[in-house]
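Handing you a structure now.
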Amino acid sequence: MNMLVGRLGPWIGGAIVLIALPYVFSSGFALTLMSQIGLLIVFALAYNMLLGQGGMLSFGHAVYFGLAGYFTIHYLNFIYEEEVPYIPVTLIPLLGGLVGLFFGILIGYVSTRRAGTTFAMISLGFGEMVTALTLVLVAIFNGEDGIQTDRVIGEELFGVTYGPNIEVYYLIAGWCLLCTLAMFLLTRTPFGRISNAVRDNAERVEFIGYSSQRIRWLAFSLSSFFAGIAGALHAVNIEHVGFEQVSVLQSGLVLFMVYIGGTGSFVGPIIGATLLYFLQSTLTGVTEAWVLYLGVMFVAVIMFFPGGLAGLITMHQPIWRVHSRLLAPLLIPYARFFAALVASVLGCIGLIEMLYFRSSRLSTETELIIFGIESDPFSAVPWVVFTGIAVAGGFAVRKTLPSAVSAWNTAIADARALPRG
Amino acid sequence: MNNALTLTGVRKSFGATEIIRGVDMEIRDGERHAIIGPNGAGKSTLYNLISGRFPPSAGGIRLYDTDITNKKAFEINRLGLTRSFQVTNIFARMSVLDNVRCGCLFALGHRYAWWKLVGRLRDLNDRTAVILKDIGLWGKRDLPAGLLSYADQRALELGIAVAGGANVILLDEPTAGMSHSEIEQAVSLIRRISEGKTLVIVEHDMGVVFDLADRISVLVYGEIIATGTPSEIRSSAAVQEAYLGTGAS
Amino acid sequence: MESFIFAMFNGVLYGMLLFLLASGLTLIFSMMGVLNFAHASFFMLGAYFAYQISEGLNFWAALIVAPVIVGLVGAGIERWGLRPVHRYGHVAELLFTFGVAYVIEELVQMIWGRVPVPYEIPDVMAGALFTWQGFDYSIYRVFMLVVSVAIFVALFALLTYTRIGLIIRAAVSDPIHVATLGHDIPRIFMWTFGFGCALAGVAGVVGGNVLGTEPAMAIQLGPIVFVVIVIGGLGSLGGALVAALLIGIVTRLAIFYDYGVGSLILALGLEIDTAGMLRDFTRITTAQVAPVLPYLMLVLMLIFKPRGLFGTRDV
Amino acid sequence: MALIKWVRTFAVMLPVVLVAFSARGADTVKLGLIEPFSGPIAAVGRDTLEIFEFFANEVNQRGGVLGGRHIEIVPLDNAMNAEKTTQQLRKVIDDDIRFVSQGVGSNHALNIIKFLQRHNRRNPDQAILYLNHSAVTTSFTNELCSFWHFRFDANVDMKVAALVTQLGRDPSVQKLYMLNQNYAYGQAFQVAAQQMLAERAPGIELVGDELIVPFGKVLDFTPYIAKIKAAGADTVLTGNWGPDLVRFVKAASEANLDASFYTIYAGIPSSVAGIGAKDGIATRLKQVTEMHENDPLYDQQPAELLDTYDRWRQQTGKSIYSERMRWTIEFFAAALNKAGSDDPALVAAAMEGMTMEGPAGPLVMRGADHQIIFPMVISTMAEDLERPYIYEGDNYEVAFATDGWIMSDAIELPTTCEMKRP
């Protein structure tokens, strides 16, 4: 019984959170944000089936996301014109998934013949090609304008029409939960295990009876299926699909989400998609430098904690599994390190904001307010102050890091020494 | 007599250099056959040719009655031939348990299944448990394989290789880099797992070779210069001259 | 015939510019196994540095100094950025350079703004060298060609006749072996990376004023360069040259000989509803799809010859 | 509940960097401006914001609207992504903003039109009005026309009409070559030009008509230049913009192509900066706009307006390029006052048929399709003009000189719009 709660607990908890969220954040903006995050979680998890679980780095996975979106919009419009059989909007994502699967099987056959760097390049090539085609084949993709639809095609069960955003939110939440569960279970199948094996050591797999190419193809196709579901959900949510959705930029965004969240654990992409999309939506309005921060964050993750944010959490798992009190000695060194890190980051942000302000200020912007303090980038004082904070913070980071690391080392050693409690 | 492996006139060149220069060899069904030879003789290359890592430049290879000359590695494996590697070749980020599971999966017929959960596959988990206990890693089954000690990784390497239950087992220096006590354990492990099967082993440690092998082939510069029982090889003049005589270990 | 020769000449010119970029990328890949996604960003840095230097001094100073600075920036990024990532494997390295490309693009915008900078062809070379079929060929284009060919020759000589070239060639065929010969591999890596970036910088200096110096130039050129080295065969310098010329010439010929793909489809006996969803297929001409052709070539190449034209080793 | 409140506060506080804008009154009429303020083409969006804020401020200085209320511009970043546009529209609804403006990217414009059609039908009490300042797709005021959309720029067909009319007037134009971007806008330009050339300038021979892959994919235009030369063209007509225009013109200049370039967008700051004076003059680069600073009519405009222009140049260090954005604000203010209310439906009704004085004739907001009609001017890049082109304080020592005005009657095209009014 305990086992069952332990296993089902996270899923039931997740479902409760998904149901409750609209009661906490009820504005239209928040609903759209949460809906987008929901479908991006599906996309990110699908992407991680390639990157984290199959070891395939793709620069073009948005192709399956976007093509499914285009197909969905067309299908909804055709339903409107009564040219195709009616499918309730509730089940439309499945259709999107099948479109993703179709193109995944087709393109995957070619691109999964190679792994590693070559695979990455082929994915980039297909991404560029499809993006270019969206502009050439106007009848299908309608070029830069993209295509539109009205998702309200009829009344479904319980009078749901998917007109109000809240209904779409619950549609996405439902599919998100379903897909997450499905992808989680997939990791525990023979396919999932061999996919991991191909990631770790593709050559060895060939000597235990498996064609690594076939595994990659299968992983690619299944991943495209889920990416297609996400793309269809996107089409239903936004009621518009354009070339942005298939572009390499979109592929890059999902890569950033997954990698910053953490490729090594199942929850990593969920964390990454939630955090990055939230930051992106709230920060783009307040700072021009958002893309720079995103890039720096990504590079920092690769350099300093390749496990991503989820990796930072899971590295403490062996400790709290033994006993949570073992975490106590970590608090102070961690807090000191974190304070130093925040200081240096804030200093750098101040400097970058002032640089941007100087290089691309609008005449109507008369003042720059950083962290609630008015700073004049044309006088020396803020430069000195922010440089001081950044440098001092940097030194403090170097000083406090060793004690944080050694605290973790001690804790993990203690945890190993103790029996499981 | 029925041969497990038959090599006829096998050659392999990389660019202008010919590494394997016409090897004819027969491995009998059920025997333990050792291949010895100096460094650079082409032993690992020969393994790579047999197991399908590269195709040979010329010649033919048969596994029992099947021609496997130009087959891919996984096809050969499915026909019942498995191998281990000289450099440890495991799935480093996966748990020890999952490493062995992977070795069993195909042979147990689960192939590429994405609709059944490994945790629920009784035949898989039973067999994995047997092998893990056999190679002495049952207690460490939840550790990531990359964190195992060297000797444990070698044992795991063997475990993965034999997990599929293949009839013909090719081992490439399974005791390389081990201490004396570890070698003893390894040899007994090899003896256990090759019970009733055909074993081919490349080995530098002559103690292991003479202890384990029913027959021995000597490979020097891409050619087999002698094949015979341990005592025949020990007394062969040609081998003495080419190999043992020059101060074998 | 004239237009054929003209297309060929143009294709060679564009191809050589691509080769300048691809050669650095190939060198880095051969030595380090790193596919430098940020390579086109160094090309962009070369153009911006050249603009800045030619504002202060002149074009010739820029031609020498800008690539050196780009090379130093590259070496610095290798030393303090890429080297720590090395232990996480090639995919992590590729991701790192992907991130670097983002950061460089944003930094360029932060420093030089988001609109193009007026980086011009030097006046002495703006005039026509010769006029052919009514088409003025500027001295500068020929100068570009000369620079590219000179660098190719120098690179070839460097690889063939010098000690460092020997090490590089050895590393291309057997990277592990070189490490055992007692060379300071991290140092060689750092300077290889720097040198490769400097080559991209040269391409930026000579190409930036023709193609336009703006923050998006890296994104626009980057993918093509990858296509070049994949088609040529990863790690093969000769392959990169052939592929660069091939792409240069094919894309030019596609523009000159403007065939409709639609007529091909009709010739195959396929019928397409001219009002339906697929109607655009009947209207496409080769000129319209010329910039997409490299990607098509990439895909075809990978289907029929996955290692590329001259590829010798797997990734 | 305390927790929820805390979470909400946190969500609001999280944007750590706050760029505040001055002069935020309590009782303002808010105009949401949805443009890219981050990403690769943020410069375009930010330039737009600057113009909107400047001219909104001018209106406010004059006493505001509706008896003293100020117009407040609320910038909303769409990062040039359609999905962000939708998201910002939902924010507009949340914040009870009833007027939005946008112009960069016709895909976003289409998105807004469709979104507002759905939203205003479902929520008539919360209707939102869209003022389109630059998106030129003709169908927005034809088959896709909407009561909730007003356009303050000429559409593609009108701009092409102006260009072709000028081509017909110019006796030196004998052989014309067309080159356009192969996507919705470029194709629309091509079709309109083919049709109007036949009607308005039948004497001109079309020696080439080409579509290219758009958005900077063509790195080297030399082959196209060679084709143009081979065809013997003396004039080029192109709808290209951005890098596709810059590289095209630079390649032509480098090869000493002896042809005039008729374009729509040559005067955009980034294009002027990218092309540079030398190449622009060498190709006799022409643009079609609503006005430019060196036109003889410039000085004949009202004194207050000239003062405003001077203040603009002084404060921003930029030339006046987009008069239509000023018109957007002025029409908006006038319609608010005429309606005497900030109800979007009433403001829309008031705006229909509204006119204002323009430099060369009246600006008319046609009621039938909400398309503004106004005279347009064709101008050529030249040196030694009174007001050289400046952008961010950099003087380019080059500007545009008038070739001729095309009056409204030559530009006004019939509409197929069947307006559905609420």
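Quick notes on this one:
Letters A, B, C and D name the chains as they come in the text, with residue numbers starting at 1 for each one.
Keep this in mind: contacts are C-beta pairs under 8 Å (C-beta built on N, C-alpha and C of every residue); 3 or more make two chains touch, one makes a residue touch a chain.
Bear in mind the structure is a predicted one, so any value in this text is a computation, not a measurement.
Set against one another, C-D and A-C show the most C-beta pairs in contact at A-C. Farthest chain from subunit B, judged by C-alpha centroids: D. Centre-to-centre separation between subunit B and subunit D, using Cα means, comes to 73 Å. One inter-chain figure worth recording: subunit B and subunit C are separated by 46 Å, centre to centre, where each centre is the mean of the chain's CA atoms. Here the CA centre of subunit C is 36 Å from the CA centre of subunit D.
In terms of their C-alpha centroids, the spacing between subunit A and subunit C amounts to 31 Å. Residues of subunit A in contact with at least two other chains: 132, 136, 138, 291, 360. Multi-chain contact residues of subunit C, defined as those touching 2 or more other chains: 113-114, 288-289, 291-292. Residue positions of subunit D touching 2 or more other chains: 42-43, 182, 213, 217. Counting only pairs that meet the touch rule, the chains in contact are A-B, A-C, A-D, C-D. Put simply, subunit C touches subunit A in their complex at residues 33, 35, 81, 84-85, 88, 90-92, 94-96, 98-100, 102-103, 106-107, 110-114, 223, 226-227, 230, 234, 276-281, 284, 288-289, 291-292, 295-296, 298-299, 302-303, 306, 315. Residues 40-43, 182, 210-213, 216-220, 222-227, 229-230, 243, 246-247, 250-251, 254-256, 269-270, 273-274, 276, 278, 391-392 of subunit D are the ones that touch subunit C when the two sit in their complex. Contact residues of subunit B toward subunit A in the complex are 51-53, 72-74, 77-78, 82-83, 85, 89-94, 98-99, 101-103, 105-107, 110-119, 121, 160-161, 163-164. Across the complex, subunit A is touched by residues 4, 7-8, 11, 14-22, 37-39, 42-43, 46, 49-50, 53-54, 57, 75-77, 79-84, 86-87, 90-91, 93-94, 105-107, 110-111, 114-115, 118, 122, 137, 182-185, 187, 213-215, 217, 315-317 of subunit D.
Considering their complex, residues 185-186, 188-194, 196-197, 199-201, 203-211, 214-215, 218, 222, 264 of subunit A touch subunit B.
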